[in-house]
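Below, each structure is written out as structure tokens.
Shared chain: chain A. Partners: chain B in the first complex, chain C in the second.
Presenting the complex of A and B:
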């Protein structure tokens, strides 16, 4: 038997390598960008898709879970949807291609494919570390997206919806966004399958908040039951910047949402809220790596999960407090309602603390619906199934209500209720 | 003298560079040649007069070990261990096996006297019966003496060194050894299976409540010697036993390896309480020397309504890599883990527990208190897993970390895997420093700063100290204060 020098590739790995070979001729990018794409794919090929042996992928063995990559198919004709919040500016990306006519008041907008073509997107095309499979896949294959620049001091009144709709095939998008000092905006990043057939989606949002910017960023993932969604948020917070990040997962078969956040300016504050609605046979993983890198920063994270059917959920939350980051205040909670014996949920809330004058804590719970709560409602004449539905709804709606903005709350509650009605 | 004052005096007298148990004893020893090979495994087995099946068991483990890789996932850093630069067997001469106290080398007895370990079977004095503890003393590679054997025998309890047990109770050893921690388990456990030299064996038969606390005291004395002990405790139906473990080593510039395996088996309605005060030499203030402590401890709640409880106070060792676990196999079984891990100087601790819920109505409780000072790193790593069939599993976990000084690190890495909807799992963790308000409150009442910190720390670890047997609790409290000496201000 011959010793193999390179490990054998799985079907999905082979499909990725072949797809790259087939697509590289038409992927946008100047010489340097193409060179970087080559290198990222080469790294992916050498390392392979991550397995459970890699700590950050412990609960999502991508090598095993990602069995196949659907073939790339020519773009289908897709019509934009109306935004989930009335009055929002819609920036649509249909089947991975950004609408060249899109505009949003007060925002300097450019097409990501143009930034690839002129090489200005090069700096962002990196893997964050040696285990960053999403960075490698997206960097190799990304075709388009929008780059947003909000000027200093600008206050964008209405939400901006980045509407990524797609059919079957391979979709790789990217949304770099920079928010100038003291700017204010609400961005809704919405991913949704609108046709039958499996899709393989990767999407990275690079968000930079300059000093004093106050931004709400909502990710609404509603992929199809056969879709793979690999999402990544890279965020950097400057002095006194405030980022409210909401992540709602309500679809997809294999989902990984990575949140890589660096709090880099004193007085900065991160508020992360997550709602994971898991049904069918989905495997959904939300992984947070949060760095408190300077003194006097705050963060709170609350993740609520509901698990039905044969769904499996994962939350990994790592909070890292750097050696000089004194007076850090970080609190994280992850609560799960496990409603099915065939489902499962794994939590790994991690604290890595190198400074002493900090207050950090995390809590995690996993349980069924509280029988006392159920009894309370049933004793008042609410039938059991309805009582359960009410309690589940209340469990996640509580998180959404923190958004305060009525229209936003209503829109997200609508998404949640519709999902629960379908699954519960 | 009030207890607090006594602690403070003790603290003043000793700083981190003056490890209390750091003395070395010159005793003639019998050593195997340095290094690890099949021959060494055979040598150890022959020294112990082991039967053929035991040698085979060891050789199997050795062969398996050669194919294994050293684990690197823990948050500890150390230079590569040269497993061929270690003596795997060192025994004081003139010890042919644990027998009566009179035959033991008086030098050895002096060592234990210095350590404060009662090897003389205490008499009833003036009508007052003191709490008695039976001790198995392990010096380097061999057990030198086991006290109160006869009295325990009367109750039906077997308490002896594991080498003796292999010869005298082969049927029990064959049945239970490796049944909780198999020889294939992990790198260090496999190494231990190949070269373990001694340890304790406890068997408490059906319905017996062990009449006294059992205890093992480990001492590494020789240079460049690894200590590989193996402990096996079996509690049959309805039995109860409480077991204490203590350890120390001389102060040396080089690092020494300690890789132990502890297996506990609790059958129906049995209860085992296992307490450890680990005080191996931690190295000096510059991080030179100290024990590398790689330990596999696991309890198997095999029977229904059985209970295993681990309590540990970890103050010593340069590196601690240790996860006492409970496999909750029997229905209605319960696992508990109480831990205080104190790190100072350059110490690195990566410790925690695993609670594996397999049976129905199982419950577990984890209380972990980590205290880091100096430039040490202190990690809690734990897992709670609920199997698909483990209906009504219940877990409560609380791990708190306290930081003293801004050069140290405290980390928490819990893994929670739940696959059954009826489970109820709660986990909470906090990290903070000794608050200025608390310190101010104590100091403005005239308590000096160091004493104030000791007071606050003692309050912080109270939940765990309460779980320790009385004699250990006092020792543990003093140890914690001593370990933290020099970390204030």
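Presenting the complex of A and C:
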């Protein structure tokens, strides 16, 4: 006999479905957008949240880990913070709602909710594949954000900070950004909880670099101790474009940062650097899916993880080299400083190489603090706890310093040392 | 200043005994040379004095200014004025040299209950000391010892020693890997620190360094014991005849 049962929805899945129902008529969008939202939610309901049986979610069983969704509470009064780099243009999104008065020199800015209302946001609302839970959740619920257009040839001197601050509740934002040919800019995407109480956050940044654009994009995730953060970067690199993507995870209870990057112009270069500061009873996942789709492109990826307490981390690095993407040069490294017996870090490099003339390498290390280094510092009078903190800092500072921009390096090092002081 | 009494010590991990009943007294103002063939325990002695936990003292004691230091960790010993110039200074990427110097100086001051240095005062001290040792500013901007040549690393060690103003300096094979010019600079740096209340232990394999840093006493270490002590003429005698004679006599 064949037993067929409809899979029961988990508490979190039910809460998502109910939240969607409660917001019917409230979420911005024209008819086509609303139709897409309905479809995405329906797909989410049918597939459920991904489990470990889905390969790309194997180390982050969202169905089990996401126990509940906090209620959608009304927006609290939140004031913008000063930017982490002095002089930056601040584009604030407070409790998921973009500041209508925001401006940034040299950038054409629009509100994402208007792009939803007039339907121009429609094309970006799709899920990337059948396992794209973040695309489905964000596409269903996204309310606002900023769309940035940097004109060809523009050089934006000061950084632009996308400042997404929130209290408790459900926050879904989006940041499409297109960078014209040969343009230069530094964008800091900062997510931060500024109040107590659990939040469920999803955020997608759609980044398009046209030919010769040189962009530094920093994600600084400082969510609260009870927050879920589901982030996704969708980036496309044109001919000779250079994207430097720097991800800092320094918060959150359950975090997944997906980086879906297509290098599709010859001579293009991706530099990915990641710093994961993990403590407490948290789970943090950085998943890269990188396509080298044309010949003569380069990428380097370095992920540095520091694990305290019972924290659990994941890095999945998938590099796909298309059949005609000859002369691809890709190097990936994932180094973990494991400072607790109860913590863990899982690393899964995946190289799918269909071209025959490429250089692709990957390596992973897991270590404790180097005893020779510790002895050296202590022999100079630095007490053990301080010496340890210096060495942990050094482990991640090494890649932060690559950013070269002194103010930016200083700002990120400030975030890192503040985190370490609190957790180490 | 330093009194080592019947010291026995072994490698913590495998129990190999390295120091086997060593006795040594070092007086303030003195330069003490410890010489010996490879494997005699010279470097181990320097590590034990500075508190490296890879070694276990099984018997005897080390008295520094009359107090046992066996229970002190390396940082506590350092702030009491014990300084080891490493044979192989480690490279630490990500730790800026200046930041390291400032933390080390201020942590020692804090441990002694002294006020921390102001930034201008700190910078002035480093600049002055660096000039004397012909260390250029570019080197100080690099991460600690990273990319330094062998000679630069040794000069950086002496720079730290000059800035930290220790009472007991232990130089572990500071001459190894140095050409004659670098050796002179390093020796001048060490001699400049000579004072009536500071003692220096020079650990070396060769007599060469002792032409520039002239010892008051010379001790020969062999199989973890001092087998012969004398004045600087002992070093010259060793240079001429090697260790074989003395080892033969002791055996």
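The rule we apply is simple: the second predicted complex is superposed on the first by the 419 of 424 C-alpha atoms of A that agree within 3 Å, B and C clash if a C-alpha of one lies under 4 Å from a C-alpha of the other, contacts with A are read in each partner's own complex, and residues count from 1 in each chain.
Criterion: a contact is a pair of C-beta atoms (placed from the backbone, for glycine too) under 8 Å apart; a residue touches a chain by one contact, two chains touch by 3 or more.
All figures in this text were calculated on a predicted structure; none of them were measured in a lab.
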Q. Do chain B and chain C fit side by side on chain A after the overlay, or clash?
A. fit
Q) Once the two structures are placed together by chain A, how many degrees is the angle at chain A between chain B and chain C, based on Cα centres and rounded to a multiple of 10? A) 80
Q: With the two complexes superposed on chain A, say which partner A:391 touches: chain B (first), chain C (second), both, or neither.
A: second
Q) If you stack the two complexes on chain A, which partner ends up touching A:350: first (chain B), second (chain C), both, or neither? A) first
Q: Based on the superposed arrangement, let me know which partner A:372 touches: chain B (first), chain C (second), both, or neither?
A: second
Q: Between chain B and chain C, pick out the one touching the greater number of residues of chain A.
A: B
(Q) Which partner chains sit in contact with A:24 here, chain B, chain C, both or neither? Use first/second/both/neither. (A) neither
Q) chain B to chain C: minimum CA distance in the overlay, Å? A) 14
**Q.** Complex interface listing, chain A residues touching chain C
**A.** 370-373, 375-384, 386-387, 390-391, 393-398, 401
Q.
Residue numbers of chain A touching chain B in their complex, please.
A. 55, 58-59, 323-324, 326, 336, 338-368
Q. Can you list the chain B residues touching chain A in their complex?
A. 73, 386, 388, 401, 403-433
(Q) For the complex, give me every residue of chain C touching chain A. (A) 50-54, 73-75, 77-79, 83-84, 86, 89-90, 92-95, 100, 103-104, 107-108, 111, 143, 160, 164
